[in-house]
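One structure below.
Letters are used for the chains, namely A, B, C, D and E, taken in the order the chains are written, and counting of residues starts over at 1 for each.
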Amino acid sequence: ETVRIGVATEAYPPFATSDASENYSGWEIDIIDAICDEAALDCEIVATAWDGIIPSLLADKIDVIAASLSINEERLKVIDFSNKYYQTGASITAAVGSGVEPTPEGVAGRTIGVQSGSIHQTYASQYFPDATIREYQTQDEANQDLFAGRIDATLADVLVLAEFLSSDEGTACCEDVGLVANDEAIHGLGIGFGLRKGEDELKQKLNEAIDAIRENGTYDEITAKYFDFNIFGE
Amino acid sequence: MQGEEQPGTPVIKVRDLHKTFDRHEVLKGIDLTARVGEVTALIGGSGSGKSTTLRCLNLLEIPTRTRTFKLLGEDVAFRSSIRKGVEVVDKRQLRRLRSRLAMVFQSFNLWPHLTLEKNVMEAQVQVLGRAKDEARETARRLLDRVGLSDRRDMYPSYLSGGQQQRGAIARALAVDPEVMLFDEPTSALDPELVGEVLSVMKELAEEGRTMIIVTHEMKFAAEVADKVMFLNAGRVEEEGTSDQVFNAPRSERLKQFIQTIN
Amino acid sequence: MQGEEQPGTPVIKVRDLHKTFDRHEVLKGIDLTARVGEVTALIGGSGSGKSTTLRCLNLLEIPTRTRTFKLLGEDVAFRSSIRKGVEVVDKRQLRRLRSRLAMVFQSFNLWPHLTLEKNVMEAQVQVLGRAKDEARETARRLLDRVGLSDRRDMYPSYLSGGQQQRGAIARALAVDPEVMLFDEPTSALDPELVGEVLSVMKELAEEGRTMIIVTHEMKFAAEVADKVMFLNAGRVEEEGTSDQVFNAPRSERLKQFIQTIN
Amino acid sequence: MAVNYKEMSAAELLALAPPGWGGALLDGLLVSVQVALSGYVIGLGIGLAGANLKRTGGPVVRDLMAVYTTMVRAIPELVLILLAYFALPTFINQILTGFGFERVEISGFAAGVIVIGFVQGAYATEVFRGAIGSVPFGQIEAAQSFGMHPFKVFYRVTLPIMLPAALPGLSNLWLIAAKDTALLAVVGFTELTLVARQAAGATKHYFLFLMAAGALYLILTLLSVWGFKLIENRVNRGARHA
Amino acid sequence: MPKSGLFQPHRIVMVLIAIAALLAMALNMDWSWLPKYAPHILKALWVTVALLVSSIVAGIFLAIPIGLVQVTGPRPLAWLALSFCTLIRGTPILLQMWLLYYGLGSLFPYIPGLRQTWIWPWLIEAWPYAFVALTLSFAGYEGEVMRGAFKGVPKGELEAATAMGMHPFTILRRIWLPRAVQRVLPTLGGEFILQLKATPLVATIAVVDVFAVFGRIRQETFIVYEPLLMLALIYLVLAGIITLGFKLLENKLPSRG
């Protein structure tokens, strides 16, 4: 039986982006391939709007969410997760020399772009009461607006921002101002595959496959193509 | 004041026909018998119920109450329910009977999206199930007969009123009706066009068609009708041969009516 | 066949008026003189150019070509360009002159979004710049005069045709026009309503108003007009006092026209 | 790996074959047209049925139809799409599994077709109702008096006679249907608008791709308008003042 | 239909069913999130209403000249207006919005010196783009409507004014425009509702309107039905208010003519 892997339609480089033939590529896609191979699962990529990715899982339109979804308490109430397959921090990127700092005081009075429905939005609304939060459908659009000067900073996954900072535009306009303080309740326990509750068999297969590719070197091999450091975390 | 029974097979026999619209009783017990080959003229003042009577005969209006309702030898049964009012029990019988009576309307009612020929073919194909070629042949023959063979590919809106009405007569003839019903077929026409329609109707009468005609053309009625019925306020006030009715009216109202008409 | 010049100040003097619509020459050289206090009736068959002549007089239509065009003592100058066609040189003069001629249309053309009183006030306020109170007073007086004082707060669509036309006359009178132009003011009315409008117009004529009237009401024209002009195919075919024109027509066409009218 | 879109010219970016996005845009257009067309046809069906129900149905049916047309025309299509895509399947499946049936899936395509058909149905009901009202009743009676089956009366007489009156409204509805497909982008359904946005996001050539999608929609609109003109000329054959 | 029709037996039953359904929803479903988000919803509701009203007002002001020049000329302007209407009506408003915000907006940073001007603070906000897109869209649709309305005013009524020597501008202001507006009034309620239905699209360009707030509620609570039903209800009520407003307005105007 095929397992439908839900990825977000919105570009989320370097983890997952689509080309003109609707082929998705990126680190996360490569990892999924490896895991499916390892677990001998017949996987099929199904693109879903990020905004509706959890409802899609619940509505049985997909079986697994593989869209850099952080494992956190709120989400655990509704869905189940595999073990983490990577973990990174959240950082703030701002215009060069803007004086923005990754603290509540450091962003006071500024406009911060976040992806709607992401943990970063939750974090920002909880910790940055004095900043104006602007919600974007995709992180990519937040980056664009940061480049365009329409927002002062953006809060997102450090790796995603690193990708942006390495692009021409990112290099030209912006800089990383550092990681925000960690809140495990929000940032969670790393990134895992989202599953419907009760799918224990599938969950176990995924967990075993994650362990296996970590062990046999496939994970590192793929990671080396995209990053020059360890992204698995502790 | 109903006339005595006469010889000949009755094709329509209706007794004590009542029709009420929203509490207003329009027909208050009409008796009508039409025999094969007979031409009946219905005359009467405006609002006396002539159209309603005619429309009840082919059941475009359903009678509110009636004792006998016999069309073409078949009894029509009605039933009444609160939700739907009175209706005919057997819908297929209704359609079958209607297809054997043909109606010609005051305002022609040719179908504007079909050419004249197609208008005449339509019921032949859709109701009688004739083959198209056969229907077309009949259509051409009948259009020729009413003097419209050169107009058969035109749409109705391009024809004069008289031409449209002759087309409507051809359309009615096409289903070989056993009875033809006419509701003031000339009253929507300009005076100079009336003649052409009446002459077609006169021919039909002479052929021995069974016809029931509502008309205001008294001269025409006197000439072609075997029987004339004078309606007044929903009742048959007087009835007889056209000679009796026009030349020896008995009731006051009929006398008055004949006077105002002339 | 133009009439001889007569005494009195001419308020309108037009010579050799031509008007062409899309290559079709509708007016082929009209001469017209209207004097103070004179009532001129324009008569003629349909399409002869009566309305066009009248509309040229207050320049709702711009003449294609004309020798003299004098309104209220002022010469009107025209210029012609390829892009805009013929137009009046001085637009302000145009508006000023128009405000001193008033036109009453066949189809009344009261403004439906304004009450009757507001209709009569509108031009007074917007064109003559009168104060609202003064305009309202004038409006009431004139509506009273045409017998509509009890209708002044109604919207035009609630009035009968005759009432609307009387309202339109009041609206025209409100700007104290020096000449009144009427284009078949009664022909859109039901026969029983014509009388009330004609009687208002007759009063105006008796008061000595200068009026030019296009009409098909020959009896009315014969009664009130000082001068009658008969138009035919874009030309003034015959012209004279109403007695001359109606009782002693010279041209064949006029004789024919008078015959068909009666 | 990742294509370097930076170096590519507009022509290359819009090329039909990948890495150009032209083919993807055209595929998106095709999908949009398919959804719009399916929804439109369903809408027409609902509209015809609805108009007849509104005219001849009992008071209860008429009121229910009124509730349907009013509600659907008042709620934004975007909200209806979300309801159809996320809430409707859960709801249906709760019922189905409750009765021991298999679960069904509502794909993005199905959700789009359902919503567009449902919305179009409400508008089409009104269009058809008005058009049927414009048919002289005598022409319908003439058909009845020949003993035609009511169904035939409708599709052989009433329908073709009312068509000229209905066409302008139907043409508007089609254009609305075609454009409403863009809303499916928010549930991640790959139609023209979403492809344009993906292309824009991937290449950073926002202006180019959004303009390209706009041009495609415009062409579709203009072609449709032209097509409806042709149909109109055809159905107006019998009318004296076509 | 008689006015007292509201109290026909089957209608009473229908209303009762509707009330029962609402009650069942209120009692059986999960509304625990409502108090927490109520302030956000109210604020966003204000955004929706403000965008709706402002874009309608501005759109109508644009639509009047757009409709007018198509009737009066001059040719080039008429042509321009027609093209504008075709363009707006021929493309989805979602796309227009994205074109303005992500397309046009992405070009501004490349304009040297723009960042230093007074206009920059406006350019970096999202709502001006939403406002402009909604306004242009409304102007495009209503321009077409106004064209028909201007054209539909009987010529004689304008000639009557011309014949009295009114200035063309006075005619427009006093006769033509009021008459045209009067003609569109019955259809305007429907157009307002269509515009209301276009407002949720602003959520896709980072404006937090009602639709966006409910998107966030769904994201954060993972509750699917309740927020959507509530959202539908809010739009129903807004549309109801518009309809009611126009009913009242129409009763105030002369019903004939």
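The definition used in the following text is that contacts are C-beta pairs under 8 Å (C-beta built on N, C-alpha and C of every residue); 3 or more make two chains touch, one makes a residue touch a chain.
From a predicted model like this one, the values you see are computed outputs, not experimental measurements.
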{"item": "Mutual neighbours - chains that touch chain A and chain B alike", "value": "D"}
Hypothetical removal of chain E, resulting connected chain groups: A, B, D | C
{"item": "Angle (degrees, nearest 5) of the CA superposition of chain B onto chain C", "value": "175"}
{"item": "Chain whose Cα centroid lies at the greatest distance from that of chain C", "value": "A"}
{"item": "Most heavily contacting chain pair (counted by C-beta pairs in contact)", "value": "D-E"}
{"item": "Farthest chain (mean CA position) relative to chain B", "value": "A"}
{"item": "Inter-chain centre distance, chain D versus chain E - centres from mean C-alpha coordinates, in Å", "value": "21"}
{"item": "Distance from chain D to chain A - Cα centre to Cα centre, in angstrom", "value": "36"}
{"item": "Computed distance of Cα centres, chain E from chain C, in Å", "value": "47"}
{"item": "Residues of chain E engaged with two or more neighbouring chains", "value": "102, 106, 204, 224"}
{"item": "Touching two or more other chains - residues of chain D", "value": "82, 86, 90, 185-186, 206"}
{"item": "Multi-chain contact residues (two or more partners), chain B", "value": "none"}
{"item": "Listing of all chain pairs that touch each other, if any do", "value": "A-D, A-E, B-D, C-E, D-E"}
{"item": "List of chain E residues in touch with chain A within their complex", "value": "102, 105-106, 108-109, 115, 120, 123-126, 204, 206, 208, 212, 215-216, 218-220, 222, 224"}
{"item": "Chain A - residues contacting chain E, complex", "value": "51, 54-55, 58-59, 74-75, 77-79, 111, 113, 116-117, 121-122, 134-137, 141, 144-145, 147-151"}
{"item": "Complex interface listing, chain D residues touching chain E", "value": "59-60, 63-64, 67, 71, 73-80, 82-83, 86-87, 90-91, 175, 179-183, 185-186, 193, 196-197, 200, 206-207, 210-211, 213-214, 217-218, 221-222"}
{"item": "Chain A-facing residues of chain D, complex", "value": "1-3, 6, 18-21, 23-24, 82, 85-86, 89-90, 93, 103, 105-107, 185-188, 190, 194, 198-199, 201-202, 204, 206"}
{"item": "Interface residues, chain B side, partner chain D - complex", "value": "58, 60, 83, 94-103, 105, 107, 109-115, 122-123, 126-127, 155-158, 168, 175"}
